[in-house]
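Here chain A shows up in two complexes: once beside chain B, once beside chain C.
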Partner chain A sequence: MAEVLAEGYNVFDTGKSPTGTVKYLSAPADVIELIQSGRLGEHILLVQGGTTTFLAPALSMGAIGVITMSGAPESHLGILSREFQTPCIMTAHLTGSDSRYVVGATGPGHFDEIAKALDGRKVRLDCSDHEVGRVLADD
Partner chain B sequence: MTTTEGKRATYKQRYEEADDGLRFQELTYTGNFVGMEPVTDGIKGDKMLRARARSSVLERVSKDDVLRDEFTIDELNDLNNYLAWNIWDVLVMRATEGVSGMIPRQEYEILAFMHEFYRWPEILRMTTEEVGGGQGIMDIGATARREIGTKVNAVHDWCIGAVGFGMGRCGLLALEAIGPDDYVGESNEILKFMQRVLWGKRQDGYILNSQDRYRCRIHEPDFLTQLTSQIEPLEPGSPRHAAFTQFNAAAELLSFLDHYDCRLGLGDTGPYELPDGNLLILRDLFVNEEVFHWSDVCADAGLPHCYTLALVIDPERMSLAEIRVNDISTTFTRPKNYIEAIVGGAVFARERWNTPMGEVYPIKIDELAGPLGRVQTATLKLYAKTSKMCRRDLIWNGQYVYYIDMILPHLRLAGTYDKACRDYDLWEIDQRVANYYYEITKRGFAQEVVPSKIFSGAGYLPFSEKASLRSSKGRWL
Partner chain C sequence: MTAPALDKTRYDVLNVVALKKMAAPQVIAAASGVAVRDVEAVLADLAARGLVVVAAGSVLPTDDAEPALRTTAAGHYAAVRDDPLVAQLVDRFETVNAQFLTTMSAWQQVDVGGRKVANDHSDSAYDDKVISRLDKLVARLGPLLDALADHDPRFGIYPRRFAAAVDGVDEGRHELVSSPTADSIHNIWFEFHEDLLRTLGRERAA
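Moving on to the complex of A and B:
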């Protein structure tokens, strides 16, 4: 069994289990740069928010997997990832950390810790469970 | 399907009177019912709210009830409580999404809520008078029974009361700009408008989908037959299935982006049971709203006002246990993934908001590549355009999406949109709300108070027994 790096809400259950290098996207310019690089399909995208617009072109152009640090399947990004059938794990937390996301009461340290731990790691998404999505190490 | 093999669909049990539905979330709701059993989501939650009502306004109501000039204080409080629960039911989990990174949505939302509560009442009153009274507003609602590609839909109609009254009043209470017994007359004006549109649309005595076990079956049977005659069979896993679902997703994404990451660009109705036992969802995706100046990229891409998709879902294929078309026009199922159970589809285009139904045209699934490319082009251009906007522009643009678009379809059909712009300065920003722009970022108001008060249902204070139906706001002290 591969090491579980992070867990969160599974947006929809699917047999798809994409692998790729985690790419943390912090600004729209990052998204545009990734699209223009032609390497979108190599990455699992890591974002802070659970809204749709930030990742719009990446979803539209074929993102293979998404991890968010907030939001739920009912959030707009959750709805759209279901429609695109893009595996998506939301409000992911590190299994090796006690830090958890709380609406309106989460400092930047929580997000920085997750981004630092996952960015650049090769991972696989396991979205086969009804409720829990898992980010597995695939190094 | 990987997780439901061998199970039968059980969703029809949800429509049996004694059934309480499934729980879609573990959280419970308290609202104004402190010290009482917590309220759940879903069908059971609807039953609990109705059991606690002091009036009969949450049951099936008659045309005469709807035409009555105003609600009583008990009715207002029952509606306030029900809408607060309904908002929690559909939005408490969505509201965990945090910052956008692109569009400051919490900020524009709270400004729009308050702006609507202040400005809509006189515009809705004028509109009611212009169409000859309550029947005219009910007739506007009824148009949705024979149309697709119309924004007279669940989310817009719900927003009039849930957002303009509910969230607007809640936000102003949280900001301590008003007291619980202020603006009673204005509250009545907004809620009556909402009730009339929704009643006219549904015509079953209810106003909300949650009262009908999350069904929005509003279309006339002969109209539906015209649409279903265009449905093409789809084999899950086939290229044509992929083409249809990819188009659905891409158009839905653009509808979100064109409406600043909000649900106003999306409108589901159904589920309608087809003769073969499958379920039909009709989905309007508004990919080009001409009143928004940033929609020029959508117009340049040659996109129509709306694409409407007919999605046929095989409930047995996914072992469907519950399907909800909620009051913000969005479909959720258990199990969650209904895309793999789509076994038929059709696509229609409505060029403009007032294009006659006879001129709405179907697009064959084999011909979706062209429209898909145009949708993707517009998405990329709109994203690039939006990413260059400053924070203030993003907030006020988003504010307009809510404040204008939520009542735009009703004003358009009433013929009062131009009058509202000309005589009521619809597109101006009220000075009170303009000043709140600087308040909402203080003390984490938008980021913390909005989720904790508005989406949790905690801030919907009741009108007191002393409240007067005539009351507006007599003093600023």
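Moving on to the complex of A and C:
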């Protein structure tokens, strides 16, 4: 079985198990650049928050999978990902780290660590469990 | 460095672009109340200022859009921010918003033995109950929307959009509940929430 790199809330159960290179998106400009590059479908998108509302265009343009580092499945992004049937794992944490997201008490170090570990890695999302979504290594 | 403030028409157009994240000029006109031919000219101006770009045939905000809106809103909406009636109604909105998000999830997913599964919409009694809850939640925004429209008439566009979506749902057009590609109740609510936070100069909590 492939190595589990990270785990989080699975927003909805799905048999879809997209693979792609993780791309960390930190600002609206990153999303615009990605859409303009025509390579949206090659990437699993990593963003900091469930309230990262700038991701909406990427979802409507056919993003294949999303990982967030904070936020709940009931949030706006969770609702959108179910509408678009885009597999989505929220508040993911690295299985190899003790750092966890805590509302209002999470410093930038937590997000930097995850972004550094996942950005650029080839992964597969497993969203078949009704609670836990898994980010698997696919190198 | 503080971003330069925009005039009201530029603000109204850029605000809608930022709320929708991606939109065509006609849609921006409908949601902002600015005439289509004026929207086109304003968009060209905003593009020249580096505040919007056109990609895949739609207008998107750049990273500089948010700071420009923030600066402008602080000036335009100083009186709204000082209005005690608005403050009181906004406190109540937070509760209504949490109920709304839960209700929206209940529309998309049903609880079967503690496990959430996709709502296949085969149980019309269940769907009707969720829709009726949504109608009530939308109605509870009324006083806040009215109070905001007293300060800026553009807030009067929201009740009209909500009414059109709610009427459509009641006529059986269920995509108007949560479809991200229609002027659905969820889209309008989400845009209003973000608009409200910007108007008041607050950060998003959920």
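Basically, the second predicted complex is superposed on the first by the 138 of 139 C-alpha atoms of A that agree within 3 Å, B and C clash if a C-alpha of one lies under 4 Å from a C-alpha of the other, contacts with A are read in each partner's own complex, and residues count from 1 in each chain.
In this section, a residue touches a chain if its C-beta (ideal position, glycine included) is under 8 Å from a C-beta of that chain, and two chains touch if they have at least 3 such contacts.
Keep in mind that what you see is a predicted model, and the values were worked out from it rather than measured.
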{"item": "Chain B versus chain C as contact partner of A:Gln36, first or second or both or neither", "value": "second"}
{"item": "First (chain B), second (chain C), both or neither touched by A:Ser60", "value": "both"}
{"item": "Partner chain(s) touched by A:Ala105 [first = chain B, second = chain C, both, neither]", "value": "first"}
{"item": "Partner chain(s) touched by A:Ser70 [first = chain B, second = chain C, both, neither]", "value": "first"}
{"item": "Of chain B and chain C, the chain that contacts the larger number of chain A residues", "value": "B"}
{"item": "Footprint overlap on chain A, comparing chain B with chain C", "value": "12-13, 27-29, 31-32, 35, 51, 53-54, 56-57, 59-61, 72-76, 79-80, 82-84, 130"}
{"item": "Of chain A, residues touching chain B in the complex", "value": "11-15, 25-29, 31-32, 35, 47-54, 56-57, 59-61, 68-77, 79-80, 82-85, 91, 101, 103-106, 128, 130"}
{"item": "Chain C residues touching chain A - in the complex, by the definition given at the top", "value": "21-22, 53, 55-56, 58, 60-63, 65-66, 101-102, 104-105, 108-109, 115-118, 178-181, 186, 190, 194, 204, 206"}
{"item": "Interfacial residue positions of chain B with respect to chain A in the complex", "value": "2-3, 90-91, 93-103, 105, 245-246, 248-250, 252-254, 256-257, 260-261, 263, 330, 332, 335-337, 339-340, 375-376, 379-380, 382-384, 386-387, 444, 447-448, 451-452"}
{"item": "In the complex with chain C, residue positions of chain A that touch it", "value": "12-13, 27-29, 31-32, 35-36, 51, 53-54, 56-57, 59-61, 72-76, 78-80, 82-84, 130"}
